[in-house]
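Structures given as structure tokens follow.
Same chain, two partners: chain A is paired with chain B first, then with chain C.
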Partner chain A sequence: MATQASFIGQKNKKDQVYTDPWNMMFEAERTPSFFTGSEVIKEAVRRASCDMMVAYPITPQSEAAALCGELFAEGYIGDYFRGESEFAVMSQCAGAAFGGARVFTTTAGPGTMRAMENFPMWAGARLPIQMIVTCRGINSPLSIQPDTLEISYLMQTGMLVWHAETAQDFYDWILMGYMVSEEPDVHLPLALCCDGFFVTHTKDMVNLTPTEMCLPPYDPYRSPVPCMDMECPPVRMMRDPFVMKSNYISYATHASWQQEVWAAVERSRKHTIRWMNGLIETENVENDVVIVASGTAVSQSREAIAILEDEGVNVGLVKVKTLRPWPGEEIREATKHAKHVIIPEFNVTGWLAREVSATIPNNERVHAGPHVCGGMTMPPEIIASEIKTVLGMKVPALAGRG
Partner chain B sequence: MTTTYRVMPGPEHFLPPSASSMGIRLPDPGQAHIHGSIVSEDEAMEQAAREFLAAKVPTIFPGPLVLWAWNEKAAKKAKAVRHLYETIKECVDPKLQQAMLIPMPDYRPKYPKINPEIEINPNHPNLTIWHNKIDACMFVGVHCHQANLSLKIIRGGTSCYTVAMCAQAGHEDAMLSFRDATAEKIGRLADWVKKLKGTVPPPE
Partner chain C sequence: MSKERIKIAEELYDIMPAEYQDLVKRATYGNEQRGWKDIGNAKELIEEHSLCAGCPESMAFRYILASLPNPEDTVMVGSTGCTSLVFPHVAVHNIHSLFGNQNAIASGLKRALSVRFPDRVKDVVVLAGDGATVDIGLDMTLQAWFRQEKFTTICFDNELYANTGGQESGLMQKGFVAKMAPVGKSFEKVRLPEIARESGCHYVVNCTVSKPNLVEKVIKNAVHIAREIGPTYLQMYTPCILEIGKNSMEGLQEMRDSEKPSERFAYKEFVSEPAKELIAELAAKEKERKAEAKRQLASQTVAVG
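Right after this comes the complex of A and B.
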């Protein structure tokens, strides 16, 4: 059985060289390129040695799924087809992953919700599928604009959940994501989320690794569960479901199974820290006020911090990169000096504020807001305003901006 | 994450936590763990050998990855496992101790019941452990997910000392775990058992 390492240095059918992933990500020369987030997804997948992509590219959409279709036409993806619905897509992804394929897909908003049943199934079956989630509104009336509410559902599925701030994060994390999620002690699906539209539809400078380099192929024989092959056909994969039995040991096994999925999420910590240089990034967290944010709320917070700095108010920043695994210890440490912890979010419920409140001591310090949702933008002024209100400073009314 | 949790023989709890959720981390290449503390591989070899020699019923549970010759390495490992079993058998006191080799051929739950004398099943491993009064065991060639399920259930309901000889990253739900197992590594463990023969007090 060929190991991943044995592929290094060989070429694929597109003349890309299977490259040591660490070298490819950290040592290879990068080319600055001006791309939309969707184009960046395409470029990362081009280098990811994906065996299969299944998509349901409906309108409204990010172009990512269609662009990956182009990759298939160019010969960079082993197989590609369009599912009948989001639910079908995610089920078909599972089938491909059961069969030992490296699988990629993308969805957003109502599509994520429609396919939701599959995600705990992926995690329970230990399938390292990567799913890009370009978050947008999930409720009626329909919105194609950014809204991160769907992340709060994904966080309970047993999947790894990362939240990219920029297109550069997106590019790097797609490739790193496979390296983390395919580790045999992890071997879980990854929901790599970004705030739709802001990241997918806008152009940004992104440093790309060389086109002629790609990740080594997935090795399904390192899987922590039996891989489906001719020796182990699908009927054996059904695993005689415990739900068919009613006794203590069936329940105990099922409980232990669930615990093992979450144990694997915990194990991903070590690998993620190595690849992503930590689960969070911090700036000036010695200040009395610290913002904790994920996704593009981080970018808006940087602008707010600059505005406040001009007014003599110094504010720190914690960028949360991974939501599962949850960087609890890191956030406790980063906020230990803070008198006020401000949490701006692009959703109505404030799931990040709830997570942080459950994590840090003296959580009366947590200020859940500002919130915007339904596609609203979050002007940095409203974050600055929230902070000034918390500090008892005079704040001009920001209403009527629209 | 700093933790005071230790992975110890049970019975631990009605539903014990996974060791990973309690902050136990897996060893890096070249390392092993004992009760959740990272140690050198040699230290773990010695400790595992002592556990086998001190047990009344030291038992090896080989799983499908070494029970079938699906590649050359698997066949080599299977021979090494057999050698380890024979070594343990030779090195224990036959009047007081009984070494066993019980396969885990299948992961599907066995209904209406398993025959615990000839097999172990990862979904209800305690039946085999209780029936044979196994007090120290080693998992080898078991897929990691199934091994972790089983190791945790054993910790929850029995006092058996568990060792994992894992071909991948190791198992924090075992009391002692090696990683990156090879036939040579299994052979080294057999050498340790031989080396310590007669130095470990037999069970009472």
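Right after this comes the complex of A and C.
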């Protein structure tokens, strides 16, 4: 059977050259381009050698999904169609991945929630599907604005979950994501999340790899479980289905499989560190106050840090890039000098603060907030204000009645 | 096609399970004339099943697996229910993922196999119960037909949720008293065969599995038509003897009683015009094959004589 290496140097039907992914990502010349996040998704998928993309309309991801349709029309994707609902789409993606295809899809907010039953199934079936999640509110009354609450649900599914800050992250991580999630010792789906609108609908400078280079195709025979294409022996999977066995064998089997899925999440750590240069990024974490954030809360925190610097307050920053695997050791190390750990989030429950609280010693240092939700923006001033309050500094009213 | 893919390396032969060795020696992969008559003579593609004794589903499984025209390149998709207890014993690749999403899984699977193997035939066959097909999965069942996805959908209709203990389903008869229908089901049995026809299926059959030759015929037609033209649908009565108060010897009679002309499983068939042409073509080819076999036999007889 052909390995991925044997494709390198060959051309696909669009005349793109299957390129060593490391060379493509780190050595090939990059072209600065001014694109929206959705356009960036399209450009990454153009270079990702995807066999299948299934789409469903929802704001704010529709534009990206429709742009991938253009790629299909141009011949860059093997097959593409619109499914009937997010639940169906994620099952259609599963079917394609069971059949050995490299699969891409996108969703957002309520769509993520509607499809939720599929995600633990994807992980349990070890399907390395990549799903872009352009987070939006899932509350009632109806909201289409950014809110990251859905990420907290995805974090318990056994999927890899990454949280991009910028369009550049998005571009690089889509391509790197396939490299990590398709490793035989990982082979798990990836939810690549971003904060909807802030990343998808704003233009940013992004350095793109050459159009004429693409990833080598997915090799389904490197999967740790059989590809369902009848190209390998159709051994019977088991003498008695586990579901029939209400006994210790059944429990032990299911328990060990769940443990294996989560062990695979952990095994992704080494590949992710290699591709993404670590699970977190840090700046000035020797300071007494350190912000820990993910997604666009990182960008807002940088602005807040600049405001505070002008006032003589120095604050460090931890950018959390992957939520699964969870960079617990890295965060413990990065916050070990901090007297105060500030966690600003675009959701009402503060899931990142809970994760950090469960991770670091002396967690009375964790200050969960500020929180904005339901599509509110997070002005850097409110982060600065939170920090000043924690430090016992005088804080002017940011807004008042009347 | 042949058994090449399942062959055991000589060095490992003796450590393989006896039923796998048997599969390599006597399975009917690659035999274009395979059918229900192989049952009992050749290795079946199903081992011991985990259904109730005398369950008509077990008969249906054997007939269907014996009749698939291309099992060595067929992938089956199941759903949650009694059928999902059998699939682990089946010697073709099969997928169980969730309850009711079988036609969505099959849509993605069939398309992926077409992308990956553009010059090869890979058949996809869905087999699920009536709860999965008509209730929880109806949306995905119909949408796959609207999109003209090229695979066969088989519904094992036992007119209730058997695996969860006999609750009301959409395909249950009106008035039937069951769990969750304590005063009798209040609406008619959903007419899915008619809906299938209107939804774009090219071959629709409503029948029981009492006659193996009939099952073989409709399975072969359905798979060939799905492969060449578009979606096909088979609704097969496989009564849950447990839930309708029958014993293990009474399943066959129950099916025979239910397929009488005035009964709800009287044989009904819809065939689209393009499908009719394909069936005629296949019949002509089969006739020619038989004639050729006869000629060869005659010439051998002459030579021997």
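Keep in mind that, in the parts below, the second predicted complex is superposed on the first by the 383 of 402 C-alpha atoms of A that agree within 3 Å, B and C clash if a C-alpha of one lies under 4 Å from a C-alpha of the other, contacts with A are read in each partner's own complex, and residues count from 1 in each chain.
Throughout what follows, contacts are C-beta pairs under 8 Å (C-beta built on N, C-alpha and C of every residue); 3 or more make two chains touch, one makes a residue touch a chain.
Everything quoted here is computed from the prediction, not taken from an experiment.
Asker: Using the touch definition from the top, say if A:96 reaches chain B (first), chain C (second), both or neither.
Answerer: second
Asker: A:14 in the overlay: touching chain B, chain C, both, or neither? Say first, second, both or neither.
Answerer: Once the two structures are laid over each other on A, A:14 reaches no partner at all.
Asker: Examine A:51 and indicate which partner it touches, taking first as chain B and second as chain C; both and neither are also allowed.
Answerer: Touch partner of A:51: chain C, not chain B.
Asker: Specify the partner with more touching residues on chain A, choosing between chain B and chain C.
Answerer: Comparing touch counts on chain A for chain B and chain C gives C.
Asker: Quick one: classify A:256 as touching chain B (first), chain C (second), both or neither.
Answerer: first
Asker: Where does A:354 make contact in the superposed view: on chain B (first), on chain C (second), on both, or on neither?
Answerer: neither
Asker: Counting only touches as set out at the top, which of chain B and chain C does A:226 meet: first, second, both, neither?
Answerer: Both partners, chain B and chain C.
Asker: Pick one for A:117: touches chain B only (first), chain C only (second), both, or neither.
Answerer: In the superposed model, A:117 contacts chain C only, not chain B.
Asker: If you stack the two complexes on chain A, which partner ends up touching A:30: first (chain B), second (chain C), both, or neither?
Answerer: Touch status of A:30: no partner.
Asker: For chain A, give the residues common to its interface with chain B and its interface with chain C.
Answerer: The answer is residues 226, 231, 236, 239-240 of chain A.
Asker: Please name which positions on chain A make contact with chain C in the complex.
Answerer: Chain A residues touching chain C: 51-52, 54, 78-79, 81, 83-85, 87-89, 91-101, 103, 117-118, 121, 125, 226, 228-241, 243-244.
Asker: Any idea which chain A residues touch chain B in the complex?
Answerer: 1, 126, 183-185, 187, 222-226, 231, 236, 239-240, 242, 245, 249-250, 252-253, 255-257, 259-260, 262-264, 266-267, 270, 329
Asker: Inside the complex, what are the residues of chain B that reach chain A?
Answerer: The contact residues of chain B facing chain A are 1, 15, 17-21, 25-26, 64, 68, 70-71, 107-109, 111, 123-124, 143-146, 148-149, 152-153, 156, 168-170, 172-173.
Asker: Which chain C residues qualify as touching chain A in the complex?
Answerer: Against chain A, the touching part of chain C is residues 5-6, 19-20, 47, 50, 72-75, 77, 84-85, 87-95, 97-98, 101, 104-117, 122, 139-140, 143, 147.
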